[in-house]
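This report refers to the structure that appears directly beneath it.
Chain lettering (A, B, C and D) follows the sequence in which the chains are written, and residue indices restart at 1 in each chain.
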Amino acid sequence: MFIYNSAIEKIIALENNIFLLKAHCPEIASTIQPGQFLNIKVSETTFPLLRRPFSVCDVEGDSIFIMFNILGEGTKLLQKKHIGDTLNIIGPLGNGFSLGGNFETAVIVAGGLGSAPFPYFIKKLNMDKKIACFVGGKSEHDVIQYGMRNVKVSTDDGSLGFKGNVVELLQQELSSYEYSKIKIFGCGPTAMLRSLREFTIKNNIECEVSTECAMACGFGICMGCPTESAKQNDKYLLVCKDGPVFNVKDVVI
Amino acid sequence: MNSVDLTVKIGSLTLTNPILLASGTVGYGNEIAEFIDLNKIGGIVTKSLSLKPRKGNPPQRIVETPSGMLNAIGLQNVGVEEFLKEKIPFLKQYDVPLICNIAASSIEEYVECTRLLTTEDFIKAFEINVSCPNVKEGGLQFGNNPIAVGIITQKVKAVTNKPVIVKLSPNVSYISEFAKVVKDNGGDAVSAINTLVGTSFNINTRKPKIHNVFGGLSGPAIKPIALAKVLEIKQKVDIPIIGIGGIMNWKDVVEFMIVGASAVQIGTLNFIDPTASIKMIPEVEQYCLENNITQISELTGSYSSQK
Amino acid sequence: MNSVDLTVKIGSLTLTNPILLASGTVGYGNEIAEFIDLNKIGGIVTKSLSLKPRKGNPPQRIVETPSGMLNAIGLQNVGVEEFLKEKIPFLKQYDVPLICNIAASSIEEYVECTRLLTTEDFIKAFEINVSCPNVKEGGLQFGNNPIAVGIITQKVKAVTNKPVIVKLSPNVSYISEFAKVVKDNGGDAVSAINTLVGTSFNINTRKPKIHNVFGGLSGPAIKPIALAKVLEIKQKVDIPIIGIGGIMNWKDVVEFMIVGASAVQIGTLNFIDPTASIKMIPEVEQYCLENNITQISELTGSYSSQK
Amino acid sequence: MFIYNSAIEKIIALENNIFLLKAHCPEIASTIQPGQFLNIKVSETTFPLLRRPFSVCDVEGDSIFIMFNILGEGTKLLQKKHIGDTLNIIGPLGNGFSLGGNFETAVIVAGGLGSAPFPYFIKKLNMDKKIACFVGGKSEHDVIQYGMRNVKVSTDDGSLGFKGNVVELLQQELSSYEYSKIKIFGCGPTAMLRSLREFTIKNNIECEVSTECAMACGFGICMGCPTESAKQNDKYLLVCKDGPVFNVKDVVI
């Protein structure tokens, strides 16, 4: 874990009010793994007080990228930053996705901003793996395909691609794969992760999901981010330390 | 160049400097040790320990508020036994005073926890948490009942020779009344303050944002209140005070000491900048140098009443 | 398009909408009238009035804190007589419910103020301030004494037919206890909360930043605490509540109503944006429309206990 | 009184960490008088919560200028603003300096940032008046002569001009004037205003001073800014409404 002031190098506006922010942080860039995250202080004042967690979206040399949309006060301030402004960043945090293993194809399932961790994941995935991406959103404007490969799209309102949610699309398309040769990597809204969990457990498909939760510290000292364990009933797991990426079998979503 | 003596005494407890890490904001020390050298900090207060492990409250446990945060962790902790077996060995690598914070749901449990923990030499003092707003058992809220606080102080003192610090609730009419009860029952010091009761609702679902409904407010938002509570105690009761609440920088440390604190604890700030506590030590020292203070305890209660 | 009925009732007092301007944050209305149309606001609560004029505390009276401010105005006001002669004529130009806030240093003074003011038809209700943290006479602090609050409520009620609202102090262990006393003694409603006791010191001079040493904390910093106090009262006592504390926008208004407020007051925000109170009215209305609320009082206490 | 969002047009760094900020606010620019002030919200968040009062330093067409140095959080944020950012401004506030009257020479006495209101004052002063400026500071770096005319300088440490405080300099130089034909306009630290008051009252010289005080609202509703009246013992004056410019005889400093 590192903590330091990192200079903003670029803020890129993608389509649909999605932004990519590039910041210079060599130590983090050289050690962070796909699926791990950063906890970022977006102002120098007491407002907002807490850091904001963001998945690492990509790494380029000494720089990291995060992807975000404007949700509340924190992301609003982030979007208004200028090149050269500094952000205080803590990272790498948490556990990332498995990059190797006994699977042939990495099946990525992303809903909305859940696309954020996958550009870097795709870059770092073992060379021998094939990739299939399923990207969903409420409508056309919520589908983020940035950095994805071999993409199939779903929208709830049918404005783009398959009409329905992304797990329904996945179920439909997955029949062409041998379940034992794939591993699913999911990130997105809780409802999506919940049905992904149900589907993969029922069909005995390997699956890792990246979960979200309100956080204060991001590194295990506040106990603010519990998530129900599937194994131990008397203990919570911590999203920031034991996650944010979990094997679906280990957590209750 | 002159130097400043930063050591402070809380009863028989000597600290190399007055900056401690607050209960519940550094777990058992492991994670924060990746950011700071624990040998340098004045002391560590553990997450509240209970006799048996506690699972804590379901999520959501925290919510941000203007310049503050609410938490309702529900005293998740590993329990006394696992703490002694699994957690203390890590801390023993360091030369840092360890203060065990104890939270319990009965007077007997407070006593039993203290009895079990006091045999461990590495533990230098106890902080008795009678004031957690997030756990109520059988409707009891010890922190709001001076008689209960008196009994707990007395009974805990009876089973340990180590200093006993009682952590007071700010959610009362007169906090100094409680400080007086602690003193009268043999307590060595008080910590002030624990969090203030607060809540926050989602206006779309109309549900509380925190599962427990009520949570404890901490952070810079509460600093003016915490300072007033410390000053109230200082003006009314002669007992060492550990000041807590919204400290964000060395200036806040000095301000707490001026109104009466002998030492301070850093809480919420650890989440925002885990390195901040350590950085304040030389800054406080520099302030002392510039103000001709050779022993830092000269600062304690040194406010000027002149207008 | 549907419309929403925004009228609320506080006892026999009917307001065209639930957004009032808080005592001490709009003087007697003159200055804020340059920014907003007073006819549109739900009601105005005057600066606390006492029998005789009060000079108030010497400067410095205010200091900023993280997301909040401390004040120790010391109830500077023109007194009942000058208020009736010099200040009411201006307000009479408007069609807006006027609530007179009264602060006094004896039970007799509360009664006498009410008796003198109640003859003025333009005054629609009284808010009895038993909770100002900045003035203590003879060591008495009515707001922390349930018996005194009961007597004041009863005696004031005896001299007026107009609704009597008692403004409660948050600086107590259980605010609902005081709400119950108000109800039991015939009070029509309670306002919650007044400011929280706080302080702030200059670390160079070691003097208090506020001349009065202690001040009252207001602003968004205290909102979570204010919400918790309103919810505590709502859960324990069946009396209309006017919610106050840190409201910054229409969402905060809705949040206060959800936890139990029948109406709200805007305080510190008037200093920051004197036009904000008025702008919230259509925004709250829009929220109601979107949530199928046809009468705004449906919102009051409509929180969901489901987790 | 107006309240609105005003766009920043320029931030100019003068010497010695003094800044001039130009903002577009036609209604205020066309009505504000020298010595009046503006109350400015320097952030859109709750930190800092309160507005910050600044004297109008100058007016140019539809724009106003303020002059400031970095003191605390508020002015730090102000200095970091970018062109095009908006500031919410309330103004004009309070009472300004008298621009006419029975005097021949306007004698300006400014200490440190107390120079701020005078560029505009000098611009608007009746054409028939002469001007003499006395500008003081702790040392060379604190002497602000921007927009001043016919200036004599003092510094406490003697690093520039007369060694001593500005009121001492004034006393020394004033012997060449007929006291009944001048009027003094002062702005600066309290200690300076206090000795200015003593000196002018003793010598029966007309004098107006601009005072400062912690403020919340800036327009008379919080009662936060009392100052002792020289006339009425039972009532305070309000700096924001009755001032900030007072005839020295009316106040106790």
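Quick note on the criterion: a residue touches a chain if its C-beta (ideal position, glycine included) is under 8 Å from a C-beta of that chain, and two chains touch if they have at least 3 such contacts.
Here the structure is a predicted model, which is why all the values come from computation and not from measurement.
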Strictly by the touch rule at the top, which chains does subunit A share as contacts with subunit C? B, D
If I average the CA coordinates per chain, which chain comes out farthest from subunit C? A
Quick one: subunit C and subunit D, Cα centre-to-centre, how many Å? 36
Between subunit B and subunit C, what distance separates the C-alpha centroids? Give it in angstrom. 34
How many angstrom lie between the CA centroids of subunit A and subunit D, rounded to a whole number? 54
Among the residues of subunit C, which ones contact at least 2 other chains? 58, 65-68, 219-221, 248
What parts of subunit A, by residue number, touch at least two of the other chains? 46-48
Could you draw the chains as nodes, link the ones that touch, and say if you get a line, ring, star, complete or other? complete
So in the complex, which bits of subunit A are touching subunit D? 43, 45-48, 73, 77, 82
Residue ranges of subunit C touching subunit B (in the complex, touch as defined): 58, 65-68, 70, 144, 171-174, 196-201, 203, 205-208, 211, 213-215, 217, 219-225, 227-228, 231, 246, 248, 251, 254-255, 258-259, 287, 302-304, 306-307
With touch defined as at the start, can you tell me which subunit C residues reach subunit D in the complex? 24-27, 30-32, 34-35, 47, 53, 55-56, 58-69, 71, 73, 76, 219-221, 248, 268, 270-275
Could you pull out which subunit C residues touch subunit A in their complex? 66-67
The answer for subunit D against subunit B in the complex is residues 46-47
